[in-house]
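Each structure below appears as structure tokens.
In what follows, chain A forms one complex with chain B and a second complex with chain C.
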Partner chain A sequence: MKVPDDAMAAVAVAATAAAAAPRLGLLGAAVARKDAPAKILGQARYVDDLVRPGMLHGATVRTRCAGGTLERIEFGPGIDWDAFVVVSAADVPGINATQMIEQDQPVLADRCFRHAGEPVLLLAHPDRDLLRAAVEAVTLHEWPEPSPVFSIDDALAQRGQVCPGNVYRDYLMQRGDIAAGEAAAEVVFEGRFETGAQEHVYIEPQGMIAHVDAAGVLVVEGSMQCPYYVLGTLTAVTGRDAGRVRVVHCTTGGGFGGKEEYPSHIAAHAALLSLKAGGRPVKLVYDRSEDMLATPKRHPSRTLVRIGARRDGRLCFMDIDFALDGGAYTTLSPVVLSRGVIHAPGPYACANARVRGRAVATHHPPNGAFRGFGAPQSIFAIEQAMDGLARALGLSPLELRRVNMLRPGDRSVAGQPIDHTTDFDAVLDQALRESGYVAKREAFAASNARNAASGDPLRHGIGLATFHHGAGFTGNGEVVLASEARVRADVDGRVEVVASSSEMGQGNTTTLCQVVAEALGLPLDRVSQAPVDTFDVPDSGPTVASRTCMVVGLIVEQAARRLRAELIEKAGLPASGADEHAFAAACARYLDGHPRLEAQARYEPPANVQWDETVFQGSPYASYAWAAYVAEVEVDLTTCEVALSGFTAVQEVGKVVNPVIAAGQVEGGVVQGIGFALFEKVSWGGNGAMANNRLTNYIIPTSADIPPVRVFFQEQPGGIGPAGAKGLGELPMDGPGPAILSAVNSALGSRIASLPVLPEDVMAAAAGVAS
Partner chain B sequence: MSTPAAHASRPPPAWYRPGTLADALAARAEWGRDLVAMAGCTDLMVGWNAGARRVPSVLDLSALAELRTIEPGPDAVTIGATMSCAGIAAHPVIAARLPMLAASARQTGSVAIQNRATLGGNIMNASPAADNPPVLLAYGARLTLASVRGARTIGYDAFHAGYKRTLAEADELLVSITIPFPPPGAIGYYRKVGTRRAQAISKIALAALVETSGAADGAVVRGARFGFASAGPVPLPAPALSRALHGMPLASIDAGRVAQALAADLSPMDDIRSTAAYRRSVAVNLVLAALQSARREVAQAAYTG
Partner chain C sequence: MRAQAPAAPGPALSFTLNGRNLSSADGSIGAPTMRLLDLLRLHAGQTGTKEGCGEGECGACAVLVDGELVNSCLVPVGQLHGCNVTSIEGLPRDDPLLSAFARAGAAQCGICTPGMVLAARALLERSAQPSLDEVREGLAGNLCRCTGYARIYTAVLDAAAAGASPGTQAGGAPGLPE
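Coming up: the complex of A and B.
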């Protein structure tokens, strides 16, 4: 995506010209990121950069077996144990469980444990080398679980037991009459599709520092997405009320969902050590290996799909059985599952459909939130099944999609009416045009046949994925959250966005400031985001689910408008024609008679968004972004390596608030999707924990592996966010997997049905095609 | 630090950085492998950082300017053991006469690694996956080892005795690698198959040097030397394959013959990066690709010549 240098100039011009009315054109402007200078200059302080007076370092002793019973902890010889702070489950003053959907996961295992890598003992000491030696000197005597369960199939067949039934949640979404649909179907396709675990590889491993301040407040600072989740766990674990616990967000180096939930564990661990050490600061920062070993991954999935259509391609029924490997504790699996279930039918109209979804328990470390949150898994399956059905029908993948895509007037399988603001054909058409899909598909078929005849090892393929992604919390999640945010101004007219939304490199500080500056008619440099500190900012909800720009953006916009209205009413701010100086003067007048100048707003869902979780029907999301992605690959049969030769990503996102940040989200999501499809494979050790927990063995793509990613936006009205913005962050994770595998299968004539697809898999598939 | 005297009862120093090769060899004579020889640190420090192993006593070779050299001669180039991969890749004579070595040096780790990593270290670390050894095997490199007892030069193809074991004695240091220029008309082929395109450890790699006689379709293999990475416990030459191809018309060599010979030469295994089956299969494909490229070059030479 080209970033015009003159975009900045254009903004500046607009700022002067638009003084008469607060229309600065900031929404849609490629303004520079507010967090960039400090990061570029090395001034940003990540948690591991912080040093507190008298600080101790913390470390974690973990189980090695895949579940079992802890018989005894042995403290070995040669260590002066009195010099160490030692914390076990017995030292937890409050509830020994993280506060997620269930309270089944202890912060420190007591007697029973469910997976390898489960925290048992915490140690702290001023000297890191002595700390390392002490960790090695602790022996956990574990009585291992005799028949650990490591696969979805084994969990469902109850070959071994993690928890009764091995199922955390069992959802059913259905519409119409499957039997009638099957009767009407002339062609049926059936397939089984699988995806693997994926590690987030945020650039900054996780970490926290805890201390008790002079006022007796427990302060926990660190790397996180969701300060109020961390606060919730800390109050429960320590038994303190929220007035005596303070959570402060540090500069955070990426999250991707991986810092949604696990930071609560590390925060609790650091807090327990600090409390036991009399309030001394304790830093607990993971290195890469521990981070990869202990923290959650994307849920592995397996999906059984049966779909049928009439000869003309019109879908008659979909019957989908979707299962996620939740690992050893519930964590966020129920909501990952519900999003996966709702996205399982893809962006297609089908009158008779049934999706059953189960999150199952295994003895792997718990899986959790990861960009896309269940949707990349189920969308992968339906997209592959659509390719399979097209093959069975003798139609192209494009034709089958064109016939069945949701159009205005349709209802989705969830029951959501598709409104007239959506023109998915326009998105698809642009993707076809920009990628040359139709012509290349034909050309590749011809060249592959020629190469096969002549012994040339090169094959080419092109694949298409069409999908949509609901933004914000699923179902009634946003209603329950009732997120709050504030905007405040000081006597000089400097404005702060006061929200718990965490900047972690995705750019939300900048976009929220753009929204507020635009609403107040101020230049962007007058607006900043207040540090995210639970003693200062309200709960704006977690920084997840593609919700920040759309939902939090909406409420900060509303708060900004209220602040402006207050100044017009009570401080003589001219209703039109006010520049930053007039704004500052009004702020000064207001603050002469008021203690503070602040406006608040709370999220109120649109009236038409109703969701009945008991029957899985209604409108689960207020807005959907739509996309069509095309991947091109070259497969060299000499080595069976797959090289991406092109990638086209077209999406409709309502309003692009900042084109550079938006394109960055898409490019980054596509790269992460390429990793998911072609490189990233978690190898499980015999104890069910990650065996390749090093970046030399867990392979993510480098820039050398990535083709130019061509990003295009369409902006149709209709998102509920500022100026019609929809959520965007997760969408680009959904498309690369299915598009790339379709391209590989079209290059080889193969039927590979799982991700990741490594050269070893390509070799086996190519051998299968040949024989 | 003064030159260590020859009485073996002293414990080795924690860190010894001699200024001359003579001092380094004297230290080696006294402490042998208790003093771990270290050059670019790009392998050793990764191991230390991974935890378990304690940092050993170190013989730091980084001050030995006499080992950081590239000396082209009329028939060969001699590279000092602590010459960096970056220096090798950038050297005009190597680029022109030993292009496979320039290529493998450029594929060793990242650019930052290439700036520190040395050719000698890549050999002495004795990893079966090391990036430069296949090329050295294909070119027929010779190693010069030195000790206080004197120097000796041996063929590289016999140097690796077993997994992480070499023919170097405890008191010896690798001082240089001599690589003969290939005869005119010899055709090289190098391909590293990594887990990704850059900054990767190889799943399998092949370097081949093929000499032919006769022209175009009638070209016959006069000699062929190979080097494989990640195909067994050590960097492997493929003597059975070399013998099997000797005298064969290029056009007549098929996958079956190559696979049969390689079955004797290679002993790949399943590990965290790949599978034995994949490695075996791709090894055959790479050899065929090397021969195919030789055929193309012979045909091209016939056409232009």
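Coming up: the complex of A and C.
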């Protein structure tokens, strides 16, 4: 399906000469989502809705110990084992490892394993009840790891060993002279901050179906964010080339990062079962408890922060030691870590700063991508430290932020110049205005004092977080990806966006079409996104990192312009005033003499975005979104419950391509952040795996918990995406944690330093304050 | 496919699914212990009802039984004799909730949406003009991880404003955009 290079070159030349399409105002329009009707009517087909002829069901047998060696697999009595397809590590025809940053994680554990819940054996059978019984009848004889490591501190102190040194990556980002900064500081604050693991709880559990088609092609379809990651693992594991493996994206019921890497495992498992079953379809869909037990979580973190300032609040130095619990295999921890390190200084100017970041190995199941990708953890720590420093200085949290926020002409600690398009004061001002922060802070202090005196158990608090979030892959990631996308049209003038960007609820099947329709001057209903199928779509990169609307949007916009230029040059499309009928007529004329009508484009990063990974200096992101969030809480000292009473989220995201979809991203992200702060606690069992792996006892926010979240956008120019759009999907995850904890601490006069904050934490903190 | 157990002896079990009569006598209902969710998805081919947790916590499998919202993963079909079961497939196409959800952007990934729409329908049957707090309470058994619920509140309140029940307003409700 590749367009010949010389044809592309001609199109590229023509593109520069073509007049712009008439402006329809689709960029910025609140058009209804294209995927809404099928989803609302229950007609959208998710992987578990699919039934293939002769389909078997698959299941996974997993280790129970926190690492160790596998001595023997025992197949128990009472089961007709000949009726089952059985796959173990010995059945892997290719490389027994998922293809991520390292190849350290086996698809099926062979002799050594590193965590509880590691897949060892796969079974398939037509009957799901018999399959469940068979899984129960398998006994894994495990020789357990004698001294498993379950905490960041233990991993760093090498109390037990997961891998040599227990550190996957050790990064250092620094600027200026810490010693000189310390000497100049008049007030220093020091603190230790921690965040827990967080489970994604996409409402659709993970799953895949694999079969071999009549042409001998291995076809794997399922729930995923990154079809080309899945393809990479499938080709390695099966030893097949990409021409004999096809990955098809199904309607995906939420991802949030949780379907970035783990789908590669499930795809490989389903494929191995199907290959052993002679190509018969095998469906492997997890139930909720298996999904929560086995799949990655947000990395737990611990951050040591020392920051100092002059009496006027001007920061003199920041010294940050950031560590993430990567779990038992490398997965994506190195890149989660680098994003966390780069965001650790927050949106503040500091001439002397050092951030050391380490991703450590433990015997927990591996942690991985989750919306925000390391930034929510390190931003939480710096925001809490800023509150602590403000207290030490006798300034308000607002005053300290106002003094130090990055402004045009400054450089971030990473070395990135802040350009003239950024006006963070305007964002902060609106958040203060909309929330009434200053007045409420005073009023709450007075009412809390009154209530304490009168024995009223209610306390109120308000907290502010200011932050920014870089969009797209970190550093040189986008250069390495060199993402590609296409736009094509048929004889009736119907246009398709052809990209691997995968809809999981975030809205790209609408926003990418808005971008292309606008570029072609067509009504939106003439443009749709082609089904994501690796036999048809090019690799436009993984659907992650707040990159789709911004980076892939830019690529498809360019491809659409090239397509239009081609039609103007070769098919007589009028350069101005052409409507959809003229467009369709031009497509028909073009396709009369050409086999297809298609244009391609590839991402080229802006020239000023350079990054030196070896010293962690340069411009790690092409665009940043900026935000100021304010949380208000009511704490009842009788029940120790924290009720969120108000939330204001103001952000600057460049061009808002679709206001409804953008607001939906922010509202949903804020509520996940509220869960991270107040509800969601992963409890680890004695074997290091999630013990509360059910929705009965892992609690996410319900509608009863969430007051209206007030969302405001500012659209300053400067994003690199279509019409100046910036990525925004992850941004709202960063702010709620620190803003809510600040509000709780201001309500109680406490010094809670970790998330989540559950009633028992409030009880302990209130007791501490009282004594 | 789950093995189809033979129908239990004794009086026939029958109920209505989206207006269609099902009966153990003609084999359209299998074992009385089968979950309603499995009957819907695996036997009746009505996959608009989703399985999110299998233990009654998430509401993705919610359906209406005689107008009341229930989690179909917790209901053995043997309990349904004489009942009217409505899944998303059986909701009238002119129900104002459907278009209100589309307009408000209340569906993102969509996996919770059928259950959420039915929860909203059950709420509007109880309270035709609910307050925001009633909406928050009425949907609290249905988890959504994408939207943060705000657009769902908007959709339900808009549908309430547009007219009480399907087919009752003059000229009908606006259809879903196609």
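Following the convention adopted for this analysis, the second predicted complex is superposed on the first by the 750 of 771 C-alpha atoms of A that agree within 3 Å, B and C clash if a C-alpha of one lies under 4 Å from a C-alpha of the other, contacts with A are read in each partner's own complex, and residues count from 1 in each chain.
By definition in this document, a residue touches a chain if its C-beta (ideal position, glycine included) is under 8 Å from a C-beta of that chain, and two chains touch if they have at least 3 such contacts.
If you're wondering where the values come from, they're calculated on a predicted model, not measured in any experiment.
Contacts of A:K440 after superposition on the shared chain: neither chain B nor chain C is touched. Look at A:A704: by the touch rule set out above, it reaches both chain B and chain C. Touch criterion met: A:C640 reaches chain B, while chain C stays clear of it.
Using the contact criterion defined above for the overlaid structures, shared-chain residue A:D49 touches chain C, although it does not reach chain B.
Between chain B and chain C, C contacts the larger number of chain A residues.
Once chain A of one complex is fitted onto chain A of the other, the partner contacts of A:M763 are limited to chain B, with no touch recorded for chain C.
After overlaying the two complexes on the shared chain, residue contacts for A:D35 are found with chain C alone; chain B is out of touch.
Of the two partner chains, neither chain B nor chain C is touched by A:R561.
Look at A:T696: by the touch rule set out above, it reaches both chain B and chain C. Counting contacts as defined above, chain A residues 694, 696, 702, 704 meet chain B in one complex and chain C in the other. Of all the residues in chain C, the ones that touch chain A in their complex are 1-3, 41, 46-55, 57-58, 60, 87-89, 98, 101-105, 107-114, 117, 132, 135-137, 139-153, 176-178.
Partner chain A is touched in their complex by these residues of chain B: 46, 50-51, 191, 193, 195-201, 203, 272-275, 277-278, 281-282, 285-286, 288-289.
Interface of chain A with chain C (complex): residues 32-33, 35-46, 48-49, 51, 55, 126-130, 200-205, 251-256, 287-288, 504-507, 660-661, 663-664, 667-672, 694-696, 700, 702-704, 706, 708-709, 711. Taken together, the chain A residues at the contact with chain B in this complex read 132, 289, 457, 637-641, 679, 683, 691-692, 694, 696-697, 699, 701-702, 704-705, 759-760, 763.
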